[in-house]
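In the part that follows, the structures are each spelled out as structure tokens.
Each of the next two complexes has chain A plus one more chain, namely chain B in the first and chain C in the second.
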Partner chain A sequence: MVGKGGEAAASAQHKEEHEEDGDMVGVVKLISAEGFEFVIDKKAAMVSNTLRNMLTSPGGFAETREGEVRFPEISTAILEKICQYFYWSLHYASGKETAEFPIEPEITLELMMAANYLDT
Partner chain B sequence: MNPQRKRIPKIEPFKHRVEVDPKFFDKSWKKLDDAIREIYNHNASGLSFEELYRTAYNMVLHKHGGRLYDKLAENLKGHLREMGKLVEAAQGGLFLEELQRRWADHIKALQMIRDILMYMDRTFIPSSKKTPVFEHGLELWRDIVVRSPKIHGRLVDTLLELIHRERMGEMINRGLMRNTTKMLMELGSSVYQDDFERPFLEVSASFYSGESQQCIERCDCGEYLKNAEKRLAEESERVSLYMDAKTADKIANVVDKEMLSNHMQRLFLMENSGLVNMLINDKHEDLTRMYDLFKRVPDGHSTIRSLMASHVKETGKILVTDPERLRDPVDFVQRLLNEKDKYDEIVSVSFSNDKTFQNALNASFEHFINLNNRSPEFISLYVDDKLRKGVKGAANEEDIETVLDKVMMLFRYLQEKDVFEKYYKQHLAKRLLSGKTSSDEAERNMLVKLKTECGYQFTSKLESMFTDLKTSQDTMQSFYANLAGDSDGPTISVQILTTGSWPTQPCATCNLPPEILGVSEQFRAHYLGTHNGRRLTWQTNMGNADIKAAFGDRKHELNVSTYQMCVLMLFNSTDTLTYKEIEQNTAIPPVDLKRCLQSLACVKGKNVLRKEPMSKDISDSDAFHFNDKFSSKLVKVKIGTVVAQKESEPEKQETRHRVEEDRKPQIEAAIVRIMKSRRVLDHNSIVTEVTKQLQARFLPNPVVIKKRIESLIEREFLERDKVDRKLYRYLA
Partner chain C sequence: MYIRVKRNKTTYFIQCDPTETILNIKQKLQSITDHPPNNQRLILLATNNILDDSKTLADQKVENDAVVALALRKDNEFEEVSIADPSDYMASS
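On to the complex of A and B.
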């Protein structure tokens, strides 16, 4: 039940980048509605403001403590796409990536809703 | 978005369920309500952020934003009221701590709530124009806790009480203070200003007004200022430690006003310790403090300045008008210089070389130095003394240089520079002719200084005096070269002085002894032989002579003036002479003769003549004997010549008269210069212009100017305008 595909490659690329501060270091586990787990860098997760708040909010919510977030409303396929987007966004922001982020038409709407939810 | 959303199969079931549930809002809110309670109870670790966020998200998404917001506000109010009660219940010193603790809790909880309700902040708040969650939480805290009637007054009182205790020297918990004021600042700058800063400033004002009142009763000025300085430093430290930086200036202003401005006059005028006392006693440190402190007060510096100026004027006036002090001109000038040094130091050390203070000082000196019209004479005498004694005293070139510089400073203050020139010329002449200048270089140096100060005109005659001496030397050399051979008789050294450059007085020539007469006639012949058409007159009142005399078996060399030489030569043929006989034989003017006899007969240790009867003064009936018992340890004896001294009253009158005479042509020249360029000018303008032109040398009297104008009209340089009698015209 481990995430696959783009995640591994992207994470390898990511290591080349320097890490900014303590909060950004480490990984976080995102779990889809179907129970698939995606392990991504915190830094990538922070692209989403919702996730950022979730992981940095004071007072120790369960997510902050355990380093994993469950999304009962997001399907595996969408979550995977989202994770890819996180990495793409990081690269795009640093100017390394210029190609457009590919989105298949059939998942567009779902992806948009998830993006709204995650404030990405 | 909603209708589209239904078509997405994956979330439709969830959506659908929610839509159907009529109690959706209440259920959701219950979840959040519980969560918020847990958060306030520090029990958030069991909560799932995602779940809460999703709950709030869905509520907002389903148009429950308004209700959620209201519910939340209500909920917060409830929590805050509870907290407020806890804070109210806290006793005494624990009050602030409790408040602080609750505040920290509230902030933390508020942050968590804000994060959970982020979606509401993002979408609902901007569209409905409500205050964001976090800020709203702060407002609620302000209204429900800080400004609750039981807390508000107590909070301010506690803060002020603590500050008061710290002012009285107690240690207080500054960290707590800082956190509390920080809380007020976070609630908005207006909260900080209204609820803390204003009362703080008021209390401070009354505190310092009381303290300054007490302090001024028991402290002297110096201590008071020290205290004020200390207080200012304390306040600024206090602000930096636990207040908003903007308060710094405000509290400083309060202290300035209460401690400094309100008591300024009293402090400065304090007897035995005020400004005047500090000036007199050179209390540089206190003065520096005063200067620095009153920089902050409007009018502070100008008051110090005017007080200093009037003090300097007053002491200066005493200095220059005290008849005791006027006896010794050198001492008199030295005192002036000391005074000047003293205040220069004060200005440079304590008043950070403030230009305005320097100017005030200069103006004061100028004022009082010119109160005494003998100042120019005395300053010249002082220079005379320094240049004469230069070698004798330990003074080296550099010292002389600095002394001269200082004298020039005083010179600058003089209004009657031409009077100084007159005296300086006299004194210089005496120095040069009697060969008493200590250093040629120093003399020339002084001339250069005068020249740079007053221009070429001022020193041209003084310079020609030096040239005269130089050419005289050459003339003497050529004279003796011609005379080579029979140099059995006395040798003479003649200095040929250009009339006009030197302050010569028309002097009745005395009868020179035949020995001298011969050689001087030879010289006259020689000189007139080479320089056709000139006239030589002997200024016997200025020369001096070295003569060898035998007293018993002791031989001495006497250095005497020309007059004294003439007298002594008479004793070559006889041992006793009466005053009358001396007067007849030498034809020296009686005043000079008496003076010279006095120095020959009445000075102890130098009495080469014996006088009968023995008395201090010379009278017409006295008789003089050659004193063969005269003895001295030295082979060379210098008989006191008449040194440059301050003038006696009639001499002074005469000099003044001569100065006035000299001014006339200068004023006339100035008038003509002005009229030549202006052609037509009224009386007052002429007076102003003339005064301006001549300022560098002296201050012309308007009455004198008027007389000169009249004289010029008489001589047809000017004429009065036929219509307007006040106007003058220049006649080419």
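On to the complex of A and C.
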């Protein structure tokens, strides 16, 4: 690619970058109902089957090609809790050591609904 | 472990290890935000302490799930710490 100019080369490179988006590297941005942004590692997002499908399906969703997923139905507090859960899950899913994942009673219902949607 | 780095309406989840230095964390943040480490200031929110580049997370009592504020240098001065509160914003839906 080095030293080759022209539109064809540029668009080929662009395509490669898009294909790399399917990998486990890099970050994704999750956006809450109030417009708050959570930037998390792609491998953390993969804890959610819904996000995994979005991030890995061929062709992909427009949002995930951009590296952004909007959740107009999920409030900031719940989305943050979900991101915390992704990281907790990455660390403790191996089962070698355990720690409780704390959930405040007042958010339980909303969190369950979001978890159900995200298949997490 | 991970820490939550917050600035305005954005939260960066950074996976890290207690033995890593603050400079390591700033380098990770640079890969996401494009701001070089010397333009970043990290403040542990629980104590309001400005974190020292050369010290480790463990040295400065930064634990798993800790919230750290990010301030950026603008015109040679660091901005004030600013973290938005979701209750000040109405949901768009």
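By definition in this document, the second predicted complex is superposed on the first by the 93 of 120 C-alpha atoms of A that agree within 3 Å, B and C clash if a C-alpha of one lies under 4 Å from a C-alpha of the other, contacts with A are read in each partner's own complex, and residues count from 1 in each chain.
Operating definition for what follows: a residue touches a chain if its C-beta (ideal position, glycine included) is under 8 Å from a C-beta of that chain, and two chains touch if they have at least 3 such contacts.
Bear in mind that the values here come from a model prediction, so they are computed numbers and not experimental data.
When both complexes are superposed on chain A, chain B and chain C end up sitting side by side without clashing. Of the two partner chains placed by the overlay, only chain C lies in contact with A:Glu34; chain B stays clear of it. In the superposed pair of complexes, A:Ser75 makes contact with chain B and with chain C alike.
Of the two partner chains placed by the overlay, only chain B lies in contact with A:Ser57; chain C stays clear of it. Within the superposed three-chain model, A:Tyr87 lies in touch with chain C and out of touch with chain B [touch as defined at top]. Once the two complexes are overlaid on the shared chain, A:Asn49 sits against chain B while remaining clear of chain C.
Applying the stated contact rule after C-alpha superposition, one finds that A:Phe101 touches neither chain B nor chain C. With chain A used as the common frame, the shortest Cα distance separating chain B from chain C works out to 7 Å. Once the two complexes are overlaid on chain A, the chain A residues touched by chain B in the first and by chain C in the second are 33, 72-73, 75. Of all residues in chain A, only 33, 49-50, 53-54, 57-65, 69-73, 75, 109-110, 113, 117, 119 touch chain B in the complex they form. By the touch rule above, chain B contacts chain A in their complex via residues 1, 4-5, 8, 10-11, 14, 39, 42, 44-50, 53-54, 57, 108-109, 111-112, 115-116, 118-119, 122.
Residue ranges of chain C in contact with chain A, taken from their complex: 1-2, 4, 9-13, 15, 32, 65, 84, 86, 89-93.
Taken in their complex, chain A has these residues touching chain C: 27, 32-41, 44, 72-73, 75-77, 80, 83-84, 86-87, 90-91.
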